[in-house]
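One chain, chain A, links the two complexes that follow: it is found with chain B in the first and with chain C in the second.
Take a look at the complex of A and B:
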C-alpha cells in the first residue's frame, strides 16, 4: 500500500512539471511584444515595449525564458490578472472557496442519489425504475449543460424567482461584508451557520441551487448507468447466491454484500465525474453569475487576460491530478488486487 | 413494456422508416421539377450534387443487407440515432436550398439580419424560428450551423485520430522507453479538464472557429493515442503477429496490415461518440464568446446571443423562449444522434463492451 501511494506521489511532480511545460509552450504562440504587453498596466508604457522585452528577458533563448518563468511560478508569482484586478495567485485564493462550496454541494448529492438510483435500477432490472433510469440516461447524454442551465435560469429565476443568480442577495452581502460577520472557512453556508445567521445560510443555499441543479442532472446519467451495470455484474457472483442461500435478508445482501463490491468501478468513475464537473462549473458559474474560479477563468480567457487564464488552467490541472490521486488511493485501499500489482 | 419493445424490434417500423425515407427522397426529386425550386437547385449545383451522393450512400447502406445494417436495424435506438444523423447530413448538404442566402452575399455562413432592432422577434412567416438579438434569423443560423457543426466535428475527429493513430501505434508497438515518454505526455494533456484546456488554448491563439478546432484537437488526441496503444499492446502478443514476423513482414507492414485493423474498432466507436462531444465543446466555447465571429452561423453562437434575452420581461418570463429552445434542441439532437450511433457501433463492432452503458 505504502509503495503504491509513494509511486503515485512520485509521478506528481513529473506531471506538474509537464503541465508548466505545456502552458509555457502555449505562451510561445504569442510574440515577444504580446508577451511583454502582459506586463503593461498603463497604456503609456507601450512606447517602452522594447525595453520591457529586454527587462524581462523575452528575447532570450527559449530554455532560459522557461527557467525564469518557472522560477516565478514556483515562487507563486503567476502575474497580474487584468480581469480580477489582483495578482493571479490571490485571485485563485479569492475565488476558489466559492467553487469548492459549489462542487461539494453538487458532488455529495450526486454520488448519493446516483448510486442509489443505479442500485435500484439493477435490483429492479427490466422493470419500471430500470426503464425510467435508462430513458433518463439516454436523453440526458445529449443535453448541453449550458442550454440546460439557461432553461433552469429561465424557469427558476425568471418565472418562479426561487433560485436567483449570484452568490448572495444584496442585504445578505451587506451583512457578510460588515465586521459582525466572521469568515471562518470562506464557505458561505458553513460560515453563516457558524455565525448563527440562519437566514444567510438559506440565502446562500438558494443561490447555490441553480448551478447545482444544472450540473447534477447532466452528470447523474453516467453514474446511474455505471452503478447499474457494475451492480448487475456483482449480483451474478456466487457469493451473492451464497448469501441469499444462507437466508440473509435481501436488503442485507444488496447493501452489504453486493453494493460494496459494485462500488469499486464507481470510484474510478468518480474521478472522471470530478474532472467533468470542473469543466462544467466554468459554464454553470458563467450562466448563474456565480463568483467562482470558473467564471473568472472564462472571463479571463475571453478578455485575453493571459496570466489569469493560464493560472486558472494550471490550478484546475492541479485539482484534477489531486482528484485522480485520491481516487487511486481509495481504489487501492478498497481493492487488494490493485495494491498487489 | 416488453410488448412495446417486442413490436419495436420487429421489422414493421423498420420498413416504415425505409418507406418514409424513400418518400422523402421521392419528394425531393419531384420538388426538383417545380420551377421555383428548380431555379434554386440550378443555382447550387454542387450542393445538390452532394445531397444526391449523400442520399444515395445513406439509402444504399440502409437497403443493402450488410451485417452492419442488419444488426443496426434490430435495435430501435440505433435506428433513431441513424435517422437523426441522416437527417442532419441531408440538411447540411441542402443548406443553400433550405435557407437560400441573400443575393450577392460575401459569405453565406454569415446570418442575414434585417435592421438592428435589439429585441428578438417571435416566429412568423419568413422567419420560421423567429429572430434573435439584433434580428439574426434563427432558422438560417440553424441550417447553416449544421454545416459548421459537421465541419468542426469532422476536422477535429480526423486530426485527433491521425495524431492518436501515429503516436498510439508507435507507443503500443515499440513499447518500452518511447511508450513511457508518450504516455507521460498524454498524462499531461489529460491532467486538464477538456473544456478548461480548450478555453486556454483558444485564448492564447485568439478567437475564431479555426482556433476552436485546433483547441479541441489538442484536447482530444490523447484519448485516441491511449486507446489505440492499449489495444495494440494486447493485439501484438497474439500469435498471428508472430506468424507475420516469421513470414518476414517488416514493422510497418505488421502495424498497418495486422495490428491496426485488429485494434481499430474501439477507435471508431470512440470517434462516433466524439463527433457529438466535439460539437458540444465547440458550442460551449462559442457560448463563452471564444468561438466564431459575431453573426457566423454556429449553434453555440445562437445560444450565446440568446443569453441576454433569457429572462424575458417582467410578467412574461418566457416571451423569448424561441431564442434558446430552437438552437438548444438542435444541439441536443445532434449529440444524442451521435451517442445512439456510437452505442450501435459499439454493440456491433465490439461485443466485449456490450451492455456497459
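Take a look at the complex of A and C:
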C-alpha cells in the first residue's frame, strides 16, 4: 500500500504542471491588454496600460512568461494575488482553513444522516420512510443552493437573528485580532477552545450554522439516493439472503453485511463531495459572506487574477489527487477483495 | 449551470427577494455598538499606502481619517478651504501664493503628533510630498502631484523604456523647499487647481515611521530601489501606517476584508467621538441589507437598482440627490477606428454592411446620433430618474459648468437631415452596420446601447447596429486598440476642478480623446490657458467656450451628471456630504446616538 500511495503522490507535480500549463495556454487567447485589466479598474488608469503590460511582462511570449512563473514557483513564490490583496501562497493558507472548517462541520452530519436515511429508505422500500426520503430528496435538490442559502439567511438572520453571516461577530473578531488570542490551527472553533474562549467557540458556531445548514440541505439528497440504490442492490444479493437464512439479527444483516458492501459507490460520491467542498462552495460562501477559498478562487478567475487563479487551480488539483487517493485506500479498507497495486 | 450564470441568477433572485423584503426587528432598537461605526461596503482597499492607492475604497479608509492634508475643504464646498496641517490657506493676499502664481508657501502647524508618537515637522511634509511623487507605481496616483509641480510633460518618473529619469529627484527636491516652519512648493507653470489638489492629495506621513519600517529614506541614491514597486506589500505602509489623523489604523484583515480604525487619543484637535470604525467588505447585497436592518451595520453600500429594497426600512434613512463629481457614462464616437481584424465595423466600407474607419469623422454623423439619443428617457429608465442631463464634460455645480450651455434636442427630423448630409449623402442611401459595445454587468450602459440601436434602426431600414456585451477586460483591450466604433465610459474626479474633466474628455492627449482620435488645437489651447489662469471669472469664460466646442464638434455625447445617495441607520449623527469625499463621508464628525 505504501508503494501505491507514494506512486500516486508522485503524480502530484505532474498534475500540477499540466493544470498550470493548460491555464497559461488558455490565457493566451486574451490579449496583453485584456490581461492587464486586473490592474486597471478605473478609467483614470487607461493611459497606463502599456506600462503595466511592460511591468508584468504580459507581452512576452507564453513560454517566457511560463518559465518566469515557474522559476518563481521553485523559489516558493506563487505570485501576488490582486484579488486577495496578498501573495497567492498566503491567500491559500488564509482562506483554506475557513473552508476546511466549514467542510468538516458539513461532512460529519451529512454522512451520518445521509447514509442512515438512505439505508432506512432501502430497508423500508416502497413504504412511508422510503416515499418520505424520496420526496425529501427531490424537494431539496429542486431548488438551487443559492435559493436555499437566501432562504436560510432570511429566516435565521433576517427574522430570528440566530445565524449571522461572516465568520465571527464584531466583538469576537476584535478579540481574535488582539495579541491575547493565538491562532494555532486557523480553524476558529478549534482555536477558540485551545485559547479557552468558549464564547468565541459558540460565536463561530453561530456563524457556521447558516452555510452548514444550507449545504447539508442541498447535498443530502444525492447521498440519500445513492445509498438507497446501492443498498437495494446489495440487499438482493445471495449472501444477504444466506445471512438472513442463518438466523442473524436484522440489524446485523443490514449494518454489517449489507451496508458495508453498499458503501463503495457512497465512498466514491463522498470523496468527490469532500474534495468539492474543500475546493470551496462559491455560492454559499458568497451569500453568507464566509471568507472561504471558493469565493476567492471564483473572484480570481473572473477578474483574470492569473497568479491567484493558477495557484488556486494547482491547490485544487492537489486536493483532487489526494481525494482520489483517500477513496482508493478506503475501498481497500472496506472491501478486502480490492487490493492496491 | 456554470458559476457565472449561477452568480447572475443569484443577483436576480437576491433583488427579487430583497424587494419582497422582510419586516425585520428594527423597530425600537437601541443603538448597537454605540461607540463603534460599522460600514459594510462592496469593495476593499487595494493598499493603505497613500503613495500607492488609487481606488475609492482605499482613499476612503485613510484620506483625512488616518492621514491629513495641509488644507481641507470647507464643509460641503469643493472650492473653499480651511487650514488643516497648515495654519492658513495660502493666498496672494496673505503672501502664501507668489504674484506669478507659481510658488505656494504653507506654514506648518506645530505640536502635531503622529500616531507613532513623533512630532510632525516641515521635513515630514516635504518628505511626504516627495514620496508621493517619486514612488510612482504604474497605474498609480503620483502624476497628480508630479504633473502640476514638475510640468505637464512630466506625467511619470520613468522614461519610455521604464528607467528612472536620472534628475527626477533633483527636480522634485528643488521644487519643494523647507524654509523655517514653512514648506514652499514652486510649480513649473501657474496651475489654478493646485490648492484643490493639495486639499486632497498632500497627505502627510511620518518619515521616521516609514524609515523605521524599511521604507525610503528620502535620499536620491536610494530612490531607484523604491520607485515603481512590483507588489503593493513591499511598501512599508501597505497595511500599517502613522499619520496625524483623528483615527489610527489598528488592523486590516485581508482574509475577511475588514479594516479597523481606532480613535487617536493624542489628536491635535478634540478627539473623535467614535472610539472605533470598522469597515467590512460584504460583496453580496442581501447580507448587507439584513445587517443594516438588524443594526449590525450602520452604513451600507447600495447601488441604485437595490435602492427600493432599503426604502422605507424602519430606523434607516436615505440621503438622496447628492451631488457627485462625476460625468459618467458618456457616449464616445471613434473618429479613427482601427480597422485591423475588427468585426465591429463589418465590411469596413460604407456599403450597408459596415462602416469605414472615418465614419464618425464626419460631424453630421455625430450630430445625427446626438439628435437621436434620448438622454432624459435613458435617465428615467436606467437611473430611476436620478441624474441631471449633461451638456459637457464639466459636472453640474462645478466652476465652468454652463447652465445655459446648448445641447441637441431629440429630433427624428433633424437626425434624418444630418444623416442625409453625412458622407455626401451616402450614409442615408447605403446605410451602415456597426456594433456598440458595453461591459457586461453594466445594465445602464447596456440600456443606452440598446436605445441607440432602436433609435437608429427606426430611422432607416438600412441602418443596423449590433449591441454586444463583453467583459471589462475585453472592453479595455478593444478601447486601447481603438477598435470600438462607439463606446460608453465615464470619469470621476481626482480633484474638484474642471481641468480634471476637460483634459480627459477633450484635450488631444486626454485619456478618452486618445482612444477616439479627436483633436482640436483650439480646444488644447483653451484648456491649457484655463489651467494657468487664476482668475475664476476668466477661467469660467474659457470653460464656457469649451462647452460650446463640445457642442459643435460633438465627438462625445454627454449623457448625465449622476447623483448619489447614502443609506444609514437613523442613529448615525454628524454625517455630511462633500462631493469630493470618497466613500461614506468624513469620519471625524460622525457619532452614534438616538
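Rule of thumb we're sticking to: the second predicted complex is superposed on the first by the 275 of 341 C-alpha atoms of A that agree within 3 Å, B and C clash if a C-alpha of one lies under 4 Å from a C-alpha of the other, contacts with A are read in each partner's own complex, and residues count from 1 in each chain.
As a working rule, a residue touches a chain if its C-beta (ideal position, glycine included) is under 8 Å from a C-beta of that chain, and two chains touch if they have at least 3 such contacts.
It should be emphasised that the depicted structure is a prediction, and the values quoted were computed from it without experimental measurement.
J.: Could you say whether A:51 touches chain B, chain C, both of them, or neither, answering first, second, both or neither?
T.: Touch status of A:51: second partner only.
J.: Contact-wise, after the overlay, does A:276 reach chain B, chain C, both or neither (first, second, both, neither)?
T.: A:276: touches chain B, not chain C.
J.: After lining up the shared chain so the two structures overlap, which partner does A:150 touch, if you call chain B first and chain C second: first, second, both or neither?
T.: both
J.: If you stack the two complexes on chain A, which partner ends up touching A:43: first (chain B), second (chain C), both, or neither?
T.: Only chain C is touched by A:43; chain B is not.
J.: Pick one for A:22: touches chain B only (first), chain C only (second), both, or neither.
T.: first
J.: In the superposed arrangement, which partner chain does A:142 touch: chain B (first), chain C (second), both, or neither?
T.: first
J.: Once the shared chain is lined up, is A:159 touching chain B (first), chain C (second), both, or neither of them?
T.: A:159 sits against chain B and chain C alike.
J.: With the two structures laid over each other on chain A, which partner does A:298 touch: chain B (first), chain C (second), both, or neither?
T.: Both partners.
J.: Check chain A for residues that touch chain B in one structure and chain C in the other, and list them.
T.: Touching chain B and chain C on chain A: residues 30, 144, 146-147, 150, 153-154, 157-159, 282-283, 286-287, 298, 301-302, 304.
J.: For the complex, which residues does chain A have touching chain B?
T.: Chain A reaches chain B through residues 11, 14-15, 18-19, 21-23, 26-27, 29-30, 126, 128, 131, 137-139, 141-147, 150-151, 153-154, 157-159, 222, 225-226, 229, 275-276, 278-280, 282-283, 286-287, 297-298, 300-302, 304, 306, 309-310, 312-313, 316-317, 320-321.
J.: Give every residue of chain B touching chain A within the complex, in rising order.
T.: Per the stated touch rule, the residues are 1-2, 77, 184-185, 187-189, 191-197, 199-205, 276, 280, 283-284, 287-290, 303, 306-307, 310-312, 317-318, 321, 324, 327-328, 331-337, 339-340, 355-357.
J.: For the complex, give me every residue of chain C touching chain A.
T.: My answer: residues 1, 3-4, 6-7, 9-10, 13-14, 17, 22, 24-25, 33, 36, 38, 44-47, 54-55, 138-139, 155-156, 158, 162, 228, 230-233, 250-251, 253-258, 260, 278, 280, 282-284, 286-287, 290-291, 293-294, 296, 471-474, 476-477, 479-481, 489-492, 494, 504, 511-512, 514-515.
J.: Give every residue of chain A touching chain C within the complex, in rising order.
T.: My answer: residues 30-31, 33-49, 51-52, 54-55, 80, 84-87, 94-95, 98, 144, 146-147, 150, 153-154, 157-159, 161, 164-167, 169-170, 173-174, 177, 282-283, 286-289, 291, 298, 301-302, 304.
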